[in-house]
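Here chain A shows up in two complexes: once beside chain B, once beside chain C.
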Partner chain A sequence: MIQKKTGRALATTALALLLSAGVVAMQPQDAKAEPQRGGTVQLAVTPEPPSLMLGLFQNGPTQMIAGDIYESLLRYDTDLTPQPSLAESWEISDDQLVYTFKLREGVLWHDGEPFTADDVIFSLDVFLREVHPRWRPTVNAQVASIEKTGDYEVTITLNEPFEPIMLSFEVGTTPMIPRHIYEGTDYRANPMNATPIGTGPMKFVEWDSGSYVHLERNEDYYLEGRPYIDEVYYRFIPDAASRAVAFETGTIDVLTGGSVEIFDVPRLEQQDNVCVTTAGWEMFSPHAWVALNVREGALAEKSFRQAMMHAIDRDFARDVVWSGFGTVANSPISSRTLFHSTDLPEYAFDPDRARELIAESSYDGETIDFLVLPYGETWTRWAEATRQNLEDVGINMNLVTTDVAGWSERVGSFNFQMTHNFLYQYGDPALGVSRSYVSSNIVQGNPFSNVMGYANEEVDRLFAEAANAASEDRPALYQRVQEILVDELPVLWMIEMDFPTVYRCDLQDFITTAIGVNDTFRDAWLQQ
Partner chain B sequence: MKAFFKRFARNKGAVVGLIILAIILAAAILAPVLYPTSPWRMVTRPFLPPMSPGGFWLGTDALGRDVASGIMHGARVSLIIGLVSTLTALAIGIPIGALAGYFGGLIDDALMRFTEFFQTIPAFALAIVIVAILQPSLYSIVLAIAIVSWPPVARLVRGEVLSLRTREYVQASIVIGQSTSRIILTQVLPNTIAPITVMASIMVASAILLESALSFLGLGDPNMMTWGYMIGAGRTRLIEAWWISFFPGVAIFLTVLALNLVGEGLNDALNPRLSREGG
Partner chain C sequence: MPLLRFIAGRLVKGVIVLIAIATMNFFLIRAAPGDPASVLAGEAGAADEEFLRQLREQFGLDQPIMTQLWIYLTDIITLDLGFSYRQGRPVLELIMERLPATLLLTGAAFIFSLTLGIIFGILAARRVGKWSDTAITTGALFFYATPLFWIALMSQIIFALWLGWLPNTGFRTIGAGYTGLRHALDVGMHLILPATTLGLFFTALYTRMMRASMLEIAGSDFVKTARAKGVPEGRIVRRHIARNAILPVVTLAGLQAGQIVGGAVLTETVFGWPGIGRLMFEALAQRDYQVLLGVFFVSSAMVVLFNLITDVVYRVADPRIEVGR
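Moving on, here comes the complex of A and B:
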């Protein structure tokens, strides 16, 4: 027997409540307003992406722009409930092994070719299996077969139940790639990479290097009347202060998350017709922490790490450094995703307790280097505040600055003692959390692997078991793993970050999904 | 000596400069007494305007750190970097200039081409590259400033030595058989001290400016509170909190102005025949 499954409605209701609490200022929208056609929207994106070919590049800016050119099988509500996109409907077998996707008929690629099941097979089984850093491990480890079971039907069979696969069909992880353009070619050398062809609501027009990317309305889009906006420009302005000025003077309509310095947000928000939202990052739920190289010295000692956690004033970081944006993090799993446990011990800001723990540890006054994350001013200020917190309890700290390449190189080769870092959670611990703590991911060359060198067999086992467990067994396993990690502190969790998007309130239905401004222009329209 | 001070004091600007310099020096020395805690410490609410109650005369910055404390502690760093990097530049420039000027010929050509090689590279760009390669720290910054500021010293000393070595007392020393090194050290160099002193006072000022510029760009030592760092960190908040950048800017302005005034006074005092009053 086969049951229709569209989401975990009950389980996610509580999550939706939490998320709405995180929304700082959503302009009340007139629910009855009828969408209007027309208009041009200018967005600031930073930095300029290396390419718009979303299958080959997954940089943040690439996703923000190409997320409207390409589409995947599904979209996700802000509570991570799957919604139809190129797949009209889907069915999951009772044993949670067979996923059948019914595709929408009559969809055309931007060059006029029809989109069929062959394109899905090519994308998932051939192209992305070869090149995509997140889809590749999932498809290789979990998927037994991907088959065409009709011109507009695709069936994916798993080796074992793997619930998180339903979160893999967003446009950044599995963008649909046109088979007629890429099959049998050298993907990276394909000249069509410069003029991406997708099925999305927006078509690529022009990329004026160093200046802007221009997209226009896809006249043949399969949803009647959509998209509503005629033209979109993504502009590249290198300096954060200039971007804020461009917004204030009206050159730019949207400052995408990350392109505005957090401390400018309250000032911009006070102006007329300016809306700020922190929604649209639910799939990513960026989790910021201080990574500790736990291989040697005092940092290898649990009690010393616990002392540091008590010494760092995370409320101060949230309220002052991050201008009140974000939520203090208490666990490896973000409270904005599933499986976050609220039943965990908390490390309160308590310098006295920190001094006691340090006295008990073997720390004897050696200087500890803190590598500053070179992502702009806010991170530098945060490093300075963290250093002061730790010096206040008697830990000698030394800040070390470097550039982005130097940071990646040093952290990726484990040549650091402490540094800030933030990672995306991708909606499920099996996709975005376990990678930071399992010992099999202590690999050189990637600053987002288990660079701490943390190894615990119990943690490895629990994460592996939880990934393939039946839905009802997973919460208990993740509860246990959170308890261990919160006690051992391989990293010091700081803040569940908010990346506010600042935009003109005339833009309606602007952020409606869990991947932010990446796939916004299917629904967005301009109040005129 | 008395005549020296008399001539120095005749330049009113120089006296004012000396007073300002004395105040800054006092601030640098008294910083740990008046502000015993680290200037990095978050002591109160952020963005307090100047003259706030609680003794925050110059306000607080984005993290609630006391701007006045930062300026006092920053004075130490600025003066130390200015002095040490100038001494280092002199230690490189004087020997090269002296050798080139005294021996002339091929040695002169070789040393001067070497000097010109450094002079053709824009000083600030070279300083940025050196600091970026060596990682920002007190040592790399001092080294970078010294490396970009020694060529003018070498050229000045060379010119002085070139004219001094033809003087009769130098010729006499050669005739009586003094060793070359002894002639350079005891007969020639002591007579170049006056112009070098004047130049050094200006170099300290430009070293402070250079360090501030590096810190402003985020290439300062991240563990040392400096004026340039304070301006750079406050720059993006200039609209809401002007005082974070303004007061360190005033401190740099006054220090550099004072050093230039003192340099001019020294010039008048040490070169009476060249001074504008005509002696």
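Moving on, here comes the complex of A and C:
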């Protein structure tokens, strides 16, 4: 059924077509197959998360595991169309200011308490407003009030139209938090954080530190007959080569995105009953670039940055370093999300043009430090390839290595010249893109702000205006901002990334939503 | 009585050394860039100043560093290893949970390498120059020189992937629900590869040392005398040569035993073994200061303890050695 929906989207929207281009192998699908009950699935997730309390922690592995324990008001199709979850229907007023959500009745928390509008108010207006680094700015800047308008109805009123709010109700941004457990407590010290309680299809059973997290089927789930799978184990195997061996020997059934080295994927894909998909990341659409500290030196000059863009062979990076996964990026806005422009100048791989531009710049052979992103072998190889590209046109580069904490610290305190980074796009430029380029976000302390130090008043104005503009006015504003950024290059966009998931083809309807790698087990079933 | 006085004196010194180590560790860790809050922010993929401020306040990182040190040292003296805010649990609990797996692994590797090393060393020394000696010394050289992680991965590929005899990762079969004898057998199967891998380096070391030491002592005057007296050859090897040759091996074994708690980081990581080495390695990457300090503390306590035990074992192995002050 869900497959059919995807099929329709493929036929009708160009966006989905682009998405499907990244799908390497679709599961062999009998569209009419009736889901079967039962079975156990073992997944490798890396690294082991600090906690499963999704309201307090938003690490990738936390989201992958807890995304089946907790739920939010909505889910999203792979083309980012909202679908019912805890909200069964919703209405948006004509002036785009009032959003009314009708909640599903008869939903129970895993401890048996009923889920009501009070929980939604507590989650959105109290708990997440206080602790969630992505919901907090949205709710504080855009929302006038969040009110209970019935036991199963919640009304959110905005200050101004803010279309992207409809993309905020996925489980990682606004997980519903049980009021009866957290109200009036010190959230971070609440002992119940160790045994998370949600409304989702899977219930927490046990966390054996260093080994696995065990979830089991929620018998009282509100969708008849679901979930289909009985037991799920998320396993922590720290070494990438051992994870691949464990998959090959059948110890585990799924290598989640990010837990398999990209250069292992083509080999694993050759084997029997192994499927590979790049779906389930549409909401995040990780966008990889080379961040440049544009405050001083040659990096402050536009022509020098353009020279580097011509010098770096991005097709080679995609085809060789990333084993063919991903799409070459040409814009600050990913082609996999909304408002991407196809009408932009492109920087072709052209070392001669790069040399010309360098000659025009003030660069005279000084060594530029490149801080290697410490996220595994592939990033190191990519940094080496980049150095070679730049040295070919006469730019001297020195690779500097550090660990994750050191990288966060250095980039977050602007103590770098160049580094790789990749940021989630969160579906809408107002949520995931503008943060990297607006001057108000040149703040120290985290590597995901405007660490480049790029400031342009026109860009600031356009992003601010576009966020609160009426739907029909937004494309033109984002077109303009993309034109400016592509000319000025505050960062060098490299690749719209794929994190392939490798799994046994027996798993059906495995990834069905725009955050499918996180909310997997509502729909997934095992062919037996 | 002198033995008891010796032990008491060493224990007092040990406590002083431990406090000095704890203080040094404290500053060493702080010298690394980044802190637990910045790591969490980095992992979350999004953060603002408020998020970092909340975390630092909760972790106690907003206190002056000397205050933090004072709190840490006073806690340590009462054997309170602190609280991991990242994992939301007391450090002692985290360490105790991982300790059995590590002790099993390093203990098995210790017994394996010591037994095999001594046996191979004696065999090689007895057949010096023959093909079996060449085979043993070549093998020992190979495992002495080969990096551990390579052996680890190769053994996984051969025994888990190609032959399918042994599991390649983990402590037990997850989700199988084995109990009793079946459980013990299951853990044993999982133990074989990591324990062998971890033990091979020391096996090689013991073999080489035992062989060299045997050969050296075999040429001594008292051995010649024993032979001249007509003592049977087996008895000479057991009582006269091996007993004397074993002393350097005991020294080395003391070193290995000291690492029983903290020394298996690589093996535990490659084999997904849920022990203390991995806890430490991950805490290091995450700048989980309290856990890291806790593991350091327990490991250094073990080193101090095993040094003491080694000295006592010397005395038992060779009564001529007096335990000094």
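The working rule: the second predicted complex is superposed on the first by the 516 of 528 C-alpha atoms of A that agree within 3 Å, B and C clash if a C-alpha of one lies under 4 Å from a C-alpha of the other, contacts with A are read in each partner's own complex, and residues count from 1 in each chain.
By definition in this document, contacts are C-beta pairs under 8 Å (C-beta built on N, C-alpha and C of every residue); 3 or more make two chains touch, one makes a residue touch a chain.
Not measured: the values here are computed from a predicted model.
Partners chain B and chain C fit side by side in the overlay (superposition on chain A). Once chain A of one complex is fitted onto chain A of the other, the partner contacts of A:G38 are absent, as it touches neither chain B nor chain C. With both structures placed on the common chain, the touch criterion links A:A241 to chain B and to chain C.
Shared-chain residue A:N59: touches chain C; no touch with chain B. Of the two partner chains, chain B is the only one touched by A:V372; chain C is not. Put chain B and chain C next to each other and count what each touches on chain A; the higher total goes to C. Applying the stated contact rule after C-alpha superposition, one finds that A:T402 touches each of chain B and chain C.
In the overlay built on the shared chain, the residue A:V320 is in contact with chain B alone; chain C does not reach it.
Within the superposed three-chain model, A:G445 lies in touch with chain C and out of touch with chain B [touch as defined at top].
Contacts of A:P114 after superposition on the shared chain: neither chain B nor chain C is touched. Looking at the shared chain after the overlay, A:A194 reaches chain C, while chain B stays out of its contact range. Measuring only between alpha carbons, the smallest separation of chain B from chain C in this overlay is 7 Å.
Across the superposed pair, chain B and chain C both touch chain A at residues 241, 402-403.
Interface residues of chain A facing chain B in the complex, by the touch rule stated above, are 240-241, 261, 263-264, 267, 316, 320-321, 372, 377, 380-381, 383-385, 387-388, 391-392, 398-403. Partner chain C is touched in their complex by these residues of chain A: 40, 42, 47-48, 50-51, 57-60, 131, 133-134, 136-137, 188, 193-194, 208-212, 214, 231, 233, 235-239, 241-243, 245-246, 248-249, 251, 402-410, 412, 423-424, 443, 445-448. By the touch criterion stated above, chain C contacts chain A in their complex at residues 32-35, 38-52, 54, 58, 85-89, 94, 97-98, 101, 153, 156-157, 160-161, 164, 167-171, 174-175, 269-272, 274-275, 278-279, 281-282, 285-287.
The touching residues of chain B, when paired with chain A in their complex, are 38, 40-42, 46, 62-64, 132, 135-136, 218-219, 222-223, 233, 236-237, 239-240.
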